[in-house]
Amino acid sequence: MDSNNDSFVVDGKLALPYQYFAGRTGSRFIIAIRDEKKIKGLECKKCNKVYVPPRATCEHCFCDIKDNWVDLDSTGTVTGFTVVRYEEPHHPVKAPFIQALVKLEGADTPFVHIVQGVPVDEMKTGLKVKAVFAEETTTTIMDISHFEPA
Amino acid sequence: MSSGTDQKVTIADIFGSMESRVNPDGVKGVTCNCGYKITGEGGGEYTVTVKDGDVKVLEGIHSPDVTTTASAENWINITLGKLDATTAFTSGMIKIDGDMGVMGKAAMFFQKYRPPAPEVTIQDIFGSMESRVNPEGVKGVTCKCGYDITGDGGGQYTVSVDDGNVKVLEGIHEPDVTTTSNAQNWIDITLGKLDATTAFTSGMIKIEGDMGVLGKAAMFFKKYIPPGGEIEEQEELLMLPKVISVPQKFNTGPKMGKFLKGLIDKKLYANKCPECKRLQIPPREVCAECIVRADEFVEVGPDGIIQVLDITFFASPDPLTGESRETPYVSAHILLDGCKGHETLWHELNPANIKTAKKGDRVRPVWNENRTGSVSDILYYELIE
Amino acid sequence: MKKNRNVGIVGVGQSAFSSHREDVNQPELINEAVNEALEHAGITLNDVDCVVHGNMELFEMVHQPDMWHTLGTGAYGKETIRVTTGGTTGATLVCVADNLVASGMHDVVMAIGFEKLQEGNTTAGITNMSDPLWGRRLQTGALTGVFAQKAIDKYGEEKAKKAAMKYRIIMDKHAMKNPKAHRRLGLEFDEMDTLAENSPTLVGDLKMIHMCSQSDGACVVIFASEEKAKEICKQPAWIKDHITVHREEAYCAFGDAPHTTTHEYAAQKLFKRNGITSPVDELDVFEMYDPSCWWGIDWISEFMMISSDEAMKLIEDDEIMIGGKIPFNPSGGVIASNPIGATAMVRVAEAALQIMGDAGEHQVPGEVNQALASGFGGVMWTVLLLLTKEAPVWNE
Amino acid sequence: MARRVAICAVSQTKFVRNNTTQRFQEMELDVLESLREQVDIGFADEGGIGMSINVSNDVFDARTISDAPMTDVLGAHMGCEEKVDQDGAQAIIYGASAIMSGHCDAVLIIGHCRESQGQSRNMCTNLTFDPFFTRPVGLDYCSAAGFQAQAYLSKSGITEEQLAKIVVKSRENASKNPYTPEAPRVTVEDVMSSPMLCDPIRELHAYPVSDGAVGMILAAEDLAVKLTDTPVFFNGHGNNMDSFYLGDRDLTSNFALKGAAERAYKRAGITDPKTAFDIVEISDQYAYQYPMWLEGLGICDEGKAGELIDSDNANGPAINASGGMLAGNPLNLGGFVRAAEGAMQLMGKAGDRQVKGAKTALAHGVVGPAGQFHTVVILGSD
């Protein structure tokens, strides 16, 4: 690359508006959290598994499971985690914070959420946690504000 | 289209509920007035004013930037999502005058309208029972079920089944089993909003007498359809509006860099293919026809003639800022002096020239006073009178 | 060219196309088309070896969306590939599937084209294809009045506008026969003038009534090797040939200087190597990617290798209608339904349904032995696919 | 039987943290020119390059149809150009299929990625997650890897020190690789004391941000042997998709990679992967992936990766002689560069990092969060 290179860098943006739809299945799941403070799973009767987050089709046997709602407990167990220590604009809370896989009582699959109320360096797999519901809705999984030790 | 079943949805309610349905993200930083002329029965005139995120809905039309005209029936159907707005727009069912760009934003102002729950009465539930008999469910059954519905709008009824023959009587008459519930809970159970077993175990409803009969009673009737039509259609479906923005550092590379830097000195550089000699402006690294690097630059223009012009009335957000631009504007391909054939430069024309500009007219650039090496160093091209 | 082995289309699935699919999320929308295609082919997901996926990330702003979409595509535990090429994506996916099966890599491949345009801003998304430092401030999506102007210059205002609206209404009449179509307006020929007058102007003489829709939808096509195809399907639609012609980016293709368009170039090459000399007579149906009726009327001559006067006559004499000499878009075309990442695949899917005889109410009368489908996108890019009823025979 | 396909030429740019002097097009043009210097081939339906494949990504490029501005530098003006929007290793499979099907005789593939362009690559990969359930909690590829690393380390018993050794070795190898000039040598202590990104992944455990381009030309066997004395044959391939939601998977099971490898070995007729290869190039975006992917590929037995690290795999194949992804390649190009490296080794053109007499190579690529999708390509000098 020659030294009299005319190249320079221009600050810009990729900025576009979106509106995402949760669909009927996703809406029912989030509305139950928002209005009833209740977390629900969907059961595949063929695979004998209760899934969270909800999905209309079982990924493994490909059958329709969208009406097989099961009420779950709002307490569960941490099956895996990481402590996020880098800062990014897309983070829901300031780093460092704990992202954890939480398996609710009655569910077969854990899902990722935030755990608070534990010093980040003392976080352990196996921790019993309970859901803390958000005061204001964002119409997403963040209607559960976070999990904290049960 | 089943607007007849939505008698509870009114234009007044749609506009009246708007202030409570504001989507803060959708109105952030927006200032505009949108007028609505809703014609026909139940219509009215309204103006939605948005002032930097602050939303007011006024009756009447007040200095609108854009005005939408539609019949009450069409507007209700659009609001309920039963009629596609674009289809309605395209086929002339609604008319829009004024700034189309504002209309694009208006779609994001409010959260979805949810019509008030249809008027469901205990009287209607029991009154419609005889017409909802499920012949399979009552075949060979003989029994009497009493219902004591308490509270506002309540009443007493007896469902009498005599070997498949069903009568619904007012009052309680020698029942085999009696169900007691308040009116609201019974409506919710009927509509499927409240689970009957839950209601029973939690004491919300009481049952006295032969429980076995009640098990059969669940099969006596077909589903109750409230006067407003299927409730299911009105199930809330969540929508999540987001502006996704990722800051970028765009590199010019030496070719585009040379061209952009030239603009600072009011110079326009094209690069030339060493083989076919064609020019590219803005320059690209390679000549696509000959697949060779094109390193030689020549100065062209700055004046030229209009080769192609597109007068644009449709505003879309500028992807670099998310902001919508003003319309109309003219997107033009200009054949600069020293260029030939398709070797045109893409830019805009002075909006003041829209009415008169035509292909072949001579134009010159109007330079921005603050030039930084970007597309906006040229404000636009204008006609040379 | 000698193809290693033949490839047949054995199943087609389409979600209903609509601007209102708030009841499903992205994987669920795809799933509808996947299930329909499996059912049409009479196979199960277990029979599928590989899933091909495509759409444009910026329309929904989901990065590597095939990851999330696995919930609806059925790709779990399978081989997959994701290919995308703008508006041509759907057609490119067919070429990918054809190559994957013809090469012997896979016996049964399922290709999925998808878009949920309601979730983004289509025009802004398309504008983002321009150079960030120059054209991005100037472009307005895929909207341009250039083709209207070109036709008006060529035929005079009255004749040109009449042809455009005639074409528009023919597409709507076709869409009325296709229950999957998004825009089914019930237009009549005698409404031509008032429709055009009342419709809002977009760019130049391009009005909203002329332009294609923005739709949510997914299209799925299942491909099988000759041996498998014959096992699975009574009448597969065979892929005889395909050609892709892209062109450079910014070089202005508009204006007077003569040049061969990608459409002409692709058509001439494809027809030559398949021995087709008179496409209008030899083809039985053409599903053309027509972003607006102005582009539609302009491109007939380019694809059919006829003069523009002959093309005008085809429109005026109803020869492009179902029942005509060379029916265009019995499905209603892109003007009726346009889920962009799926759109070009819908062209192929619909052409295949015509050959299979499964197009229902919009089935063209008579034998469909040869069908053409086109994809359009990018910077005036084109993809052409030739389908046949008879399995092709390849000589050394 | 379909005809065989061979790689005739490969080229890559230097991968640097922030290339401020070129835009994408010029990076790819450098690669194209280098490829055309190596082999004398033009663009033509028969006997020439009949298809050009671009490897790039719309979100990373901040550009819809990110291949549109590349058509000219791919030589595909008025020709066939397509884009594979996954790891470039997938483009090799697709390119090979187009030749094997008979559709064309030669294929050009060039990919680019500039991880330095957007504010952060994590902001881009956060957009992989669905908008309602996984995006809002702030997941990105880095934190998804954190989950997997945590689970894998506790299952495998791989130690902090062993992870550090992987990085040290990668940098040592990279010092002989002219294409990764910005991967300075480090010590085990440097790695172990580098700040945590997301536990247990440390800064030096993560692949660096980089900009660059890579390409190759594939041709049918009869053409390839005319173009070059050192054709590298495409002998097998496989890929496999896992579930999307992290909680639906066993993050330590290597489900996708095992399936991909099994398919590739079957197609290439390989029965013992431990002895089958001279060169193994894997996409280790994070240090923990090095042992985990090697186990998944069957290069070492499950639970034995620690021993492999400690012994420096003295008796096995050369693993990531290039330095691997840990020494610096952007997302999308990881597996593609691995295949290019494998091909250079088999051509005997790998300079200071050349492994003598290398005849067979395995290249591995990965797409998606925590290895949702893996690709394996097997190359041989015959």
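Per-chain residue numbering starts at 1, and chain names A, B, C and D are given in the order in which the chains are listed.
The rule is simple: a contact is a pair of C-beta atoms (placed from the backbone, for glycine too) under 8 Å apart; a residue touches a chain by one contact, two chains touch by 3 or more.
What you see is a predicted model; the values in this text were computed from it and never measured.
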Notebook entry, point to check: Counting C-beta pairs in contact, does B-D beat C-D or the other way around?
Noted result: C-D
Notebook entry, point to check: Looking at mean CA positions, which chain is nearest the middle of everything shown?
Noted result: C
Next item on the list: Find the geometric centre of each of chain B and chain D from their Cα atoms only, then give the gap between the two centres in Å, rounded to an integer.
Entry: 42
Next item on the list: Can you check how far apart chain C and chain D are, centre to centre, with Cα atoms defining each centre and the answer in Å?
Entry: 34
Check: Between chain A and chain B, what is the separation of their C-alpha centroids in Å?
Finding: 27
Check: In angstrom, rounded to a whole number, how far apart do the mean CA points of chain A and chain C lie?
Finding: 37
Item checked: Overlap residues in chain D, where contacts from two or more other chains coincide -> 20-23, 59, 62, 71-72, 77, 118-119, 123-124, 127, 131-132, 243-244
Checklist line | chain C residues counted as touching two or more neighbouring chains | finding: 22-23, 25, 58, 61, 70-71, 76, 121, 124-125, 128, 131-133, 247-249
Checklist line | Multi-partner residues of chain A (at least 2 other chains) | finding: 5, 7-10, 12, 14, 16-24, 26, 30, 59, 138-140
Notebook entry, point to check: Taking the complex as given, what residues does chain C use to touch chain D?
Noted result: 1-4, 25-26, 51, 54, 56-59, 61-68, 70-71, 75-86, 92, 95-96, 98-105, 125-126, 128-129, 131-132, 242-249, 262, 265, 377-379
Notebook entry, point to check: Within the complex, which stretch of chain A touches chain B?
Noted result: 2, 5-24, 26-28, 30-31, 138-140
Note to self: Quick check on the complex: what are the chain B residues that touch chain A?
What the structure shows: 108, 235-255, 257-258, 260-261, 317, 319-322, 373-374
Check: Touching chain C in the complex: which residues of chain A?
Finding: 10, 12, 14, 16-26, 55-57, 59-60, 62
Item checked: In the complex with chain D, residue positions of chain B that touch it -> 238, 240, 242, 244, 246-256, 284-289, 291, 293
